[in-house]
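Both complexes below contain subunit A, partnered by subunit B and then by subunit C.
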Partner chain A sequence: MSIALYRIDDRLIHGQVVVGWGKPLNVAFIVLVDDAVRASAWEQELYRMGVPSEIEVVFASTEEALERLTEWERDPRVGILVAGDIDTLAALTVNRHPVSRVNVGGLHHRPGRSERLRYVYLSDAEASQLRTLAARGVEVTAQDVPTTPPVPLEDFT
Partner chain B sequence: MSRPAVHARPGLVRSLLRLFTVQGSWNYERMQGVGIGVAEEPLLRDLRAEVGDDGVAYRAAVARGAHFFNAHPYLCGLAVGAAARAEHDGVPPEQVERLRTALCGPLGSLGDRLVWAGWLPLTSALALIGVALGLGLPAVLGFVVVYNIGHVALRWWALRAGWTYGARVAQALREPLLQRATALSGPAMALGVGAALPLVAQYLSGALFGWARLALAGVVAGGFALLWWQRRRLTGLRLGLALLAVAALAGWLWP
Partner chain C sequence: MSEPLRGVIVSHAAVAQALLAAVAAITGVHDALVPVSNDGCDTGALAERLTRAIDDKPAVLFVDLPGGSCLTSSVRLARGKANVAVVTGVNLAMLLDFVFHRDLPPGDAARRAAEAGSRAIRTPAA
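Let's turn to the complex of A and B:
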């Protein structure tokens, strides 16, 4: 079944990911791509705590994720891949890649960002980054949980 | 670097009291952030005493405390205590931020399982059983008291555990008692609610006879069917409130 959701969310793994998406998709593994978390044992422990034991959590650096992307795509189980920022996810869409859709699930307030949706705050640079991603043929939509309709890129950038 | 424990208690009590208002400034931009910052401030006050820095460290720490945050309202004190302790221990600012971010997920899901899907429905079910067995008002008052003893104890434990462990707060979440409580809360809730349902049904239908009892059964079955069919939009609370509105209207039209 492979990776059913490529998600950008600065909270990384939390309830919306594990319960909101994890339950209806029947997820068996979650890949967390973040260089800092990959290097930090205590952060990994905290993120693993929010996930039921039957779901496997894989921590990967951006580089490792690039290497293992096809392996995860061939996995017979269903998975979710989460990255904390646009850069990290965009880095996975270079050359020949299997990413056809990207879900913007939550990017929150930070100096320099303005509100686009209740759960999406972007700087102008980030908005154009998302448009570049879309221009490469990736379908980009915003959607926090599966019970709300996805918002097309034009409506929030 | 850790400060002496004698000063900790008044700060912790003040922080606990402020945590009761943590949802009051909830907004989409920072969610609980501002409330968290306000609650953390009493624990950061003695950073003002740092020599030759003119309160810069204190102000920066308070501002960091008010950044975006969201977790379960009863457990977010753990993040308040842990972040404040980390600030005192000289943990670099970006690490404090990462600690806060990493705590949102586990504290949210732990609180959901422990309270919203455990303690609250369990104590409500026990109160309903009490009412159905004829205990009346004392059962309701008992619920308010017992539920809040657990609630306030959880808030106090969370804040103290955060303050005790600081950046190593994962250790507090591994505590066997907490693990056991989390594992037990689901089954205990299911047992309580399962026992309450037939008793409450009997209690509520006690005043109805004949066709009225059949109509009640029909309404209940219809309610369940509607909840299942419209499960994306409808919740038990919304349906319950809608039924109350319909009943009030019907009672007003046909007194």
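Let's turn to the complex of A and C:
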């Protein structure tokens, strides 16, 4: 089945990922791509606490994710890959990597960002980054939980 | 006597506000608890809300789930601070016990609240 969801969410692993998406997708593993978390055993333990023991959690740096993406894509189990920002996920879509769909699940208010959806705040540069991703052939939609309809990129950028 | 502990309820949506209202309705105590919702927050914004709620006072953070953004932000904030403790799985029973035992050190108050909350989970015959 491989990775069923590539998600951008600044909260990383949390309830919407583990329960909201994880239950209906019957997820067996979650890949968290974040350089800072990858470097901290303490942070990893914190994120692991929110995940049932039957779900494997893999912590990867961006570089490691680039190396292992094909392996995860070939995994017979269902997985979710989560990154905390657009840069990280965009880095995984370059060259040979077959990321065809990206889910914007939560980017919250910060200085320089404006509200695009209740759970998506973007700067103009970030909106442009997402449009560039789409121009590269990646389907980009926003959707916080699977019970809501996906919002097309043009409706929030 | 030192200042009584502050309880900060950290939750998704409006759970914290609802628990605070229930505690006030049952006990008449209005000044022991502060609600914090993670609604609309990334980790930085939630940390700011928590910092404001704690206000440099000794506190116990009552978190709704044993994982997720409420927990990660709370544990990060409490890390290395002897005057802030964290309990997960907040329920009404633990808060009712807590508001009458705010003279304990934060770690002891957290353990006591966790025990009170656990005792309230039962499956009575119907």
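Things to note:
In this text, the second predicted complex is superposed on the first by the 157 of 157 C-alpha atoms of A that agree within 3 Å, B and C clash if a C-alpha of one lies under 4 Å from a C-alpha of the other, contacts with A are read in each partner's own complex, and residues count from 1 in each chain.
Keep in mind that, in the parts below, contacts are C-beta pairs under 8 Å (C-beta built on N, C-alpha and C of every residue); 3 or more make two chains touch, one makes a residue touch a chain.
Please read all numbers here as calculations on a predicted model, not as lab measurements.
Superposition of the two structures on subunit A leads subunit B and subunit C into a clash.
Of the two partner chains, both subunit B and subunit C are touched by A:Leu46.
Once the two complexes are overlaid on the shared chain, A:Arg131 sits clear of subunit B and of subunit C alike. Of the two partner chains placed by superposition, subunit B and subunit C are both touched by A:Gly15. In the superposed model, A:Thr147 makes contact with subunit B only, not with subunit C. Look at A:Arg38: by the touch rule set out above, it reaches neither subunit B nor subunit C. Within the superposed three-chain model, A:Arg118 lies in touch with subunit B and with subunit C [touch as defined at top]. Touch criterion met: A:His109 reaches subunit B and subunit C at once. In the superposed three-chain model, the partner touching more residues of subunit A is B, compared with the other of subunit B and subunit C.
In the superposed model, A:Arg77 makes contact with neither subunit B nor subunit C.
Overlap of the subunit B and subunit C interfaces on subunit A comprises residues 10-15, 18, 46-47, 49-51, 108-110, 118-119. Contact residues on subunit C toward subunit A in their complex (touch as defined above): 12, 40-45, 65-69, 71-72, 75-76.
Residues of subunit A touching subunit B in their complex: 10-15, 17-19, 36-37, 40, 42-43, 45-47, 49-51, 108-110, 115, 118-119, 121, 147. Residues 28-31, 68, 70, 98, 101-106, 108-110, 112, 167-168, 170, 173, 232 of subunit B are the ones that touch subunit A when the two sit in their complex. Residues 10-15, 18, 46-47, 49-51, 106-110, 118-119 of subunit A are the ones touching subunit C in the complex.
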